[in-house]
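Below are two complexes that have chain A in common, paired first with chain B and then with chain C.
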Partner chain A sequence: MFGLGGGSTPQVSSQQKLQAAEAELDMVTGMFNQLVNQCHRKCINKAYNESDVTKQEAICLDRCVSKYFETNLQVGENMQKLGQSGAFMGRQ
Partner chain B sequence: MDQLNIKEQQEFQTIVEQKQMKDFMNLYSNLVSRCFDDCVNDFTSANLTTKENSCLAKCSEKFLKHSERIGQRFQEQKYVSTF
Partner chain C sequence: MTDSKPDPVKTGAEAATTTTTPPPPDTKTRPPKKGWSNPALRMMGIPRISLPSRNWLIFGAVVFGIGGGIAYDKYQQSQIRKKYVGQVEYLSQVPYANQLKPRKVTVFIAPPPNSFLDDSVRIFRKFVKPILNAAAIDFQIVSEGRQGEIRHVVAKKIRELRIAASERDNNNNNNKSDADKVKTNITNGEETVSKYDLYGPTNVLGLYKVFEPVKVQSEDELNPNEAGGIICIGRGAFKEYITGVHEGLLGPLEKPQSLIDEENRIVEEKQAAKAEAEAKGETYRSGDDDDDDEEERTPVTKPFITSDKYGDASFAPEFLNVKTVLNPESNIPAVFEQPVYVFPVPKLTGFLKTPQKIYRYYTTRYLADDYGSRTLAIINDKIRDYQFKDTFMAKEEEIEWPKKWVEKGKEKNSEWVQELTVDDRVISRMRVYDPEL
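Let's look at the complex of A and B:
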């Protein structure tokens, strides 16, 4: 039926590619900014007794980042599960 | 994700630079707010006290070092999850 030449994959326009790249950049930057703010709140002592990050604070920060990424995955999975059960309920 | 060709990469680089500038401005105002909130609480004078100035200096430096560390850990995590 499609006797014309050309690939079977649709051509993604330049603009679409740039928009997708920009969206990904925004997502990553957004996540990073959240991480900076929240881990500062959870780990850094506001008395500012010194200008360096203490050893204890550093350990807290490392763990904070790790847990944040894990949380990201976990919540994503939870949302998927909730979405699936929601869809089934909708069909009935 | 589709790879960008040279021309698209250049265009994207312009977008990235604009965002970096905007991000830096946000960082700056965020830092001012944060350090003001944490350090400046003595309104018996209209000028910053020595204690407050000292606190501001530490606050700023600490935040930047904190941000740097987060950045390092973030990079490590990001590459793990991509593969």
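Let's look at the complex of A and C:
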């Protein structure tokens, strides 16, 4: 107030924004690492006979990644809906 | 029966008196079973080895006969699958550049008459899909829940291509080059251009100054002659596909006025019936609707052109001088330029056909072998031009269609039960897979 509080409000909000951005980055990185792990485990032949990716593995990776993203999106949407309705974890 | 064993607590004299009466011969017990025995086996607790009784033998023979037949058939099926998978596996083991996308076939699946989509999907999943997967061929499935959906999808795709092509032609006539595509807005007398049209993220990121951005290409655009492929599961799907291609190439681009009028009329009639029923205080149910959500689904669009008018119609003028029509964005040949193949869905209906059904169930391995070799022809691109006889591909399936269903279809003017009509101008552009090549 009187020129003291006025400046602090945007300061806090920008910090919050930064935190939100960091959280977002963490989430995206986490998801990406998960995706790489999962699709590697599922698609890549562990014998490593070939230094390059074979056609079979390429097609498997394509499908794996697109499936993962789609599932992620669906789950996210549903969770958001649940959170909004307040019915998450048995809370009514 | 008296106790023949001497009680250890009793004295010897008493025991002697009790054991004097021998047990009366039991007439009810059977004579000891015949069979082979050996003291060593007896010591191990196996009194004798013999065949089970007659009834057990019959029971066992029936159970093992039925079960063994099924198991043998399943085992042979898996062996056949392995055989074909092994034949195409070399295609999928090649090192693959990561900017390439493999060949992609489109699979149209229609449910057999009076049955569910599952039956057709099972044919695809069991006999075709494993081999496609082993050959690293991608596929996209288009299935239908109601008659006419496949036809509509195919026709719509072709119409969109035609509209895009005619727009391109117009642009060329107006001497518009690609550079003029950048949209300009005139505000306050100044000409401004949206910044998204000028540069994208790749232009700003320094990384792409060092590395060329990877451009993803499909194998289908590199090799348009053998690109893609259309697989129809079921004669109905094939009929709808061919009708759809004709509708797209010969039919008008816009929905004809007569069709719009008819649709409006049907909607009005339905609403009128509903209002009438509600006035009477009943819940409205239209005659042929089984599901509750059926009412909310919009009906499948009727064909823009019927088969009897093919002769009068003119062939799509946009494609007349084009040798191979390509999708403008992806450069993949359009759907009707890709070769087509159809797998019949053997499906018997009716209680009286039970013996044939059982026979087929026990000999599914022949089907697996047949379909495997056909899939191989698709994978190995055995392509030839469409001939008139190909109109009757998988026609054998129609013999098995239930008669009542066919009659009902004829009443409803269903496109499945009508003869498939083809036009020379259209089929001369089409190609098919032929396993006999």
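In this section, the second predicted complex is superposed on the first by the 63 of 92 C-alpha atoms of A that agree within 3 Å, B and C clash if a C-alpha of one lies under 4 Å from a C-alpha of the other, contacts with A are read in each partner's own complex, and residues count from 1 in each chain.
Criterion: a contact is a pair of C-beta atoms (placed from the backbone, for glycine too) under 8 Å apart; a residue touches a chain by one contact, two chains touch by 3 or more.
None of the values given here were measured: they were computed from a predicted structure.
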Considering only touches as defined above, state whether A:14 meets chain B (first), chain C (second), both or neither. first
For A:53, is the partner it touches chain B (first), chain C (second), both, or none of the two (neither)? both
Given the touch rule stated above, what does A:25 touch, chain B (first), chain C (second), both, or neither? first
Once chain A of both complexes is superposed, is A:42 in touch with chain B (first), chain C (second), both, or neither? neither
Kindly classify A:62 by the partners it touches after superposition: chain B alone (first), chain C alone (second), both, or neither? both
Touch count on chain A, higher of chain B and chain C: B
Looking at the overlay, what does A:81 touch: chain B (first), chain C (second), both, or neither? neither
Could you pull out which residues of chain A sit against chain B in one structure and against chain C in the other? 50-53, 57-58, 62
Interface residues, chain A side, partner chain C - complex: 50-59, 62
What residues of chain A sit close enough to touch chain B in their complex? 12, 14, 17-18, 20-22, 24-26, 28-29, 32-33, 35-37, 39-40, 43-44, 46, 48-53, 57-58, 61-62, 65-66, 69, 73
What residues of chain C sit close enough to touch chain A in their complex? 91-96, 98, 100-102, 134, 136, 138
Chain B contacts chain A in the complex at 1-2, 4, 7-8, 11-12, 15-16, 19, 23, 26, 30, 34, 38-39, 55, 57-59, 61-63, 65-67, 69-71, 73-74, 77-78, 81
